[in-house]
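Structures are listed in the sections that come next.
Both complexes below contain chain A, partnered by chain B and then by chain C.
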Partner chain A sequence: MAEATEILLRSLFLGVIYAVAAAGLALIFGVMRVVNAAHGELVMLGGYIAYLLWSGAGFHPLLAMAAATLIMAGFGVLLQRLVLERVVGKPEMSSLLLTFGVSLILVDLARGLFTTTLRSIVYLQEPVTVLGVSYARNNLITLVLGLGVGAGLFAFLNYHPLGKAVRAAAQNEELALACGIDCRLVRVISSGLGAALAGLAGTVWAINYSLFPGVGQNLIITLFAIVVLGGMGSVGGAFLGGIVLGLAQVVTARYLTTQLSLFTAFVLLLGILLIRPQGLFGTGAGGR
Partner chain B sequence: MKLAQKDQTAPKAAVNVQAMAAVGLAAATTLALLAVLPLVASPYVVNLAFRVLLFATLALGLNVFTGLTGYVNFGYSGLLGLGAYAFAISVAKYQQPWPAGLLAAGVASALFSLLIGLPLLRVRGVYFAIATLGVAGALRVLTASEYLQDLTNAAGGILILTGVSLNGQYYLMLGLCLVSLAVMLGLLSSKFGLQLLAIREDELAAEVLGIPTGLWKLLAFVASGTIGGLAGALLAMYLTYIDPSIVYDVTYSLRPLVMLLFGGFGTLLGPLLGAVFFTIVSELIWSRFLTYHLLIFGVVLVALVLLMPEGVILWLQRRGVLPRSRLL
Partner chain C sequence: MIGRRTFFRMARGLVGLLAALAVACGPQPGAPAQPEAPKPPIRVGASVSLTGRYQVEGRMTQQGYELAVEMLNAKGGVNGHRFELVIYDNQSDAATTTSLYRKLIFEDKVDFLLGPYGTPLTRPVAPLVEQAQIPMVTTEAAGTEIWRGQNLRWSTQLMTPVERYNVGLIELAKRLAVKAVAYVYANTPSTVQGAETDRGSLAQAGVNLVLFERYEPDQVDFNVLASKAKATNAELFVMNGYFQDAVNLTKAMSAVGYRPRYKYLGFTVVTEDYVKSVGDLAHCVMGSANWLPTLKTKGFIATNEEFVSRFRAKYGTEPDYRAATAFGGVEVLAEAIKASLDRTGKIDKAFVRDYIFRTKTATVFGPYEVVAEGPDAGMQVGAGSYTIQWQKDPRTGSMKLEVLWPDQYATVKEPCTA
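== the complex of A and B ==
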């Protein structure tokens, strides 16, 4: 029982970070039909911004998190206006190649600016005991924060007029336009929100794990797996998919080896693509 | 109607003979130059030429499948790594001569492409691209894992000594590149190649016209994978030491793709132009900006998608600089 609780908790600690980042990726895909291969780099960048604010400017970690999230939202808006808008409506392949180029640029810039030294934000590392197993306090904060963000996102998309507009534009752009929704604005909002979620996930990552310029490159395949698992473009699916993948990786790391936890993501990705390409919650034809 | 057509084609045919003679001459000259290169050039130039030929082969190999069918393979490095490891294991571990190693690499990559292609080719578009990315990642992680320690030496890597000289390796690479070129030329001038192009333009329409799309895609995928595996084997021979981070490096997926994008999907000379251009530019950049060479690649990729998505060959054809032939 204690072991099951521990595995569940550890899966949730990892899963909510995945969930927050993957929700951003799903949002961008859902609204713009842009497969954002640079999403891992947005996570990495958000983490570094928070790290710099914390270590350089002496910000409180939570304040640094808020600031990094806002800055990444601005970055997402810029990215959409300058680059992504040009491939909206084009084949999904060109957006994948384009954002792959963006990701290379960001990784190499990070390598030059931040060097390859491992960085992390030290925050609430004191242990706390839950049911006889001790965890770092920041793990619990992460869980609360992640679930809170998930609930907020759910409320925004379901009840706020702007959130409803985002869903409408994702479901049928022409009809949304006919209903008077400014789809261009919706694209700007969803890109900003997607990048903000990535920035938030990056900060949480920097608190729980460590940052290096290639962290996004390792993360992106996991994020793709999650988004495919949940159904491309389904934000709720991505959130749940993140937690499922966290569980799968924690179980693999515990009973097999940590090396294979990335392998689990690949196997899950391939399995889902072959059995149910539209994902658990997707409605599209899944590219068939 | 038939007569009129004949009259029109007669003078054109004469021009074509002239053009063909010019093309033949140019090809023969290039081939002769490539053949004598190791005898006159310094080892540095031969090394550079080897890398140009390696990437030309990879770009052509990718073209056979991705260029013709439009299914983007983001995991070409997986096949390269597989071929490299098949070669290394048979040469270093089982003490086989290098030709047997090449055979093993070819067979392993062909079989693997067949096995993975059967389920993978059922998904399309970005789903296929993401899945291939996953396959390459899975191969890399599996090769580096402790479960295959006995076979692959995990992250420790394998030392391969074949005793083939640099010039010998150069000629092998040249041979593979020419074979890939011949395959591509054969495809572009055959009905089979045209049917693959039809899949790229509209798969549903192709299927309705009676093209066995599933089988055709699989054949192209296996041919492409075999070329990648053989190129990986020659790369392993050239490097003399391989480990998972070297041969499964994502740049072996990325660079051929950018070269192909630059040259144009489904063109014959495009991948060659891309390989020559990018390898030499990379060489110049690499020696000056060690840290920022990927950044420059990224900028080029972004610029290509936004400004010249059809590739340099089609771009020049549209402007009348090059003749509108499918065989370019």
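== the complex of A and C ==
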């Protein structure tokens, strides 16, 4: 029982970090059809902003997290208005190349500004015992926060008028326009929300692990795998995909070997795509 | 007609005039001597990583080289020959590094070479140096596969070989009568090589290896691995990996409540950045260091103390072992060139080559001695490592780096335990 609980909690803890980051990527793709190769760098930037606010300005880590999330939301809006809007409606390769360029610029900027030295936010590292198993307090906060964000995102997309507008624009832009939805505004909101989620994930990453300028480059492949696993552009699918991947990695490390845990992501992706080419929540017609 | 007497009088006068002229035109008493023509500089080439993946390490390497040359030239160079550095940025890329060394050798025609940062960038350069027959002291390559069985004749290794990083760990395991160890390591050539060496040494020491697990270098979440190690109840936990792994694993060990009696997290925990990243979790964490700023070493150019203080003054930051090895590389080369000038009267590349292979000397980094001949020629056998431990000062609450081994450098007798 204790072992099963441990595996479940550790999987959820790892999975929600992936899920929050991947949900932002799926949202941007779903609404704009933009393959954002710079999404990992948004995670990295969010982490660095929180780190600087915590270490330089003396912010409490949770306050730094909130501030970093808001700042990244603003950054996402600017990114959409200045860069991403130019490739909306263009072939996906255009957005991939453009955002790949943005990614390179952001990584080099981060190297110049923050150097390549690892950074980490030291917060609630002490363990706490739950059902006979130890977990770091920050792991549990991450878990609660991640599940809360998932629930909030679900509620926003399903019940809030703006969230419904986002879904409508994602499903059929022309019909949404005909219904009076300002699709341009929806794109701005989606980009801001996607970047905010990346910023939140970055802060959580800095608390639980460590940051360096290339962290987003390492993460982006996993995030793409999760988005494809969940169904291209499906926010709920990406969220669930993140948790499935977390579970797969934890089970592999626990019962096989740690060395294979990262490899698992791609085996899982391959297996699910063979059975469901549209992903877990994909409709097969580009639906969200 | 001039009479004989008149002739001799005129001749005496002429001789006197010439003598007076000679005195007038000669050096005046107290006047400075005619300056000697400056001796030609000795051109030393290197490529370092100023951009790309190894830019932090590469910057330290460059600063070590530049400071050594500056301090050497301030002392008059080597028998009046100033050192002149020719340095290029290799962008942390092996192919670029090779082409830059080709340029240094065949276009710039440098006299001697110093190595780049890291084993992966040094490896492809070694065959080129053999072909060009220019002595090269490599300063930042810990992997021994570059030399082992390769019959190299022109490159030597200054850095502590990777197999010797954990010599102190084995000694401590014996001394502390450790019965069981959980050992995890990154899947990279040098850490796998180091882990295999440690496995053999631990077995010889009678220590039971209850967990020996490999992880990929991109691994970030170590909670499950730490949990597995905890389940073994091993009293010693060892990690052989990189800085990011050490930080994430330290956090994971705390997260799963794993408190082995001894924690040894390899060669990356020696920096202050480690303490900044994990805070109080650094307490009692052991590791190894190739060099320490407090060592009482002395090289051809400076003592370690002088090197550290000059480095701080010039760059406004603390030097690390990479800066020390780079500085040491210039010291070995300068010492060899001086020996060549003193004994042969010229800068003889073959003499310098023989010298750097046969000498037993010291640099600010520590002892320098390589395999003189045979298939492993050039491989470092003199440099060692130091076992360190972070200990929290109960009075100030700050972390202090203590040396546990070797005994002559030890600042504490026993490691603290978790």
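Observations on the structure shown:
The rule we apply is simple: the second predicted complex is superposed on the first by the 281 of 288 C-alpha atoms of A that agree within 3 Å, B and C clash if a C-alpha of one lies under 4 Å from a C-alpha of the other, contacts with A are read in each partner's own complex, and residues count from 1 in each chain.
Everything that follows uses one rule, which is that a contact is a pair of C-beta atoms (placed from the backbone, for glycine too) under 8 Å apart; a residue touches a chain by one contact, two chains touch by 3 or more.
Keep in mind the model is a prediction, meaning the values are calculated, not measured.
In the overlay built on the shared chain, the residue A:208 is in contact with chain C alone; chain B does not reach it. When the two complexes are overlaid on their common chain A, residue A:14 makes contact with chain C while staying clear of chain B. When the shared chain is aligned, no partner comes close enough to touch A:151: not chain B, not chain C.
Residue contacts after overlaying the shared chain place A:257 against chain B and chain C alike. When both complexes are overlaid on chain A, the residue A:129 reaches chain C alone and has no touch with chain B. Judged by the touch definition given at the top, the superposed model places A:94 against chain B, while chain C stays out of reach.
In the superposition on chain A, no contact is made by A:185 with either chain B or chain C.
Once chain A of one complex is fitted onto chain A of the other, the partner contacts of A:175 are absent, as it touches neither chain B nor chain C.
In the superposition on chain A, A:270 makes contact with chain B only, while chain C stays out of contact range.
Where the contact sets of chain A with chain B and with chain C meet, they give residues 111, 257, 259, 262-263. Chain A meets chain C in the complex at residues 6, 10, 13-14, 111, 115-120, 122, 125-127, 129, 133-136, 138-139, 208-210, 212, 214, 218, 249-250, 253-254, 257-259, 261-263.
Residues of chain C that touch chain A in their complex: 53, 55-56, 184, 187, 213-216, 218-225, 227-228, 243-244, 247-248, 251, 254-258, 273, 276-279, 281.
By the touch rule above, chain A contacts chain B in their complex via residues 35, 83, 86-87, 91-94, 96-98, 100-105, 107-109, 111-112, 217, 221, 224-225, 228, 232, 257, 259-260, 262-263, 265-267, 269-270, 273-274, 277, 286-288.
By the touch criterion stated above, chain B contacts chain A in their complex at residues 70, 72, 119-120, 122-131, 133-135, 137-138, 141-142, 144-147, 250, 254, 257, 261, 291-295, 297-302, 304-306, 309.
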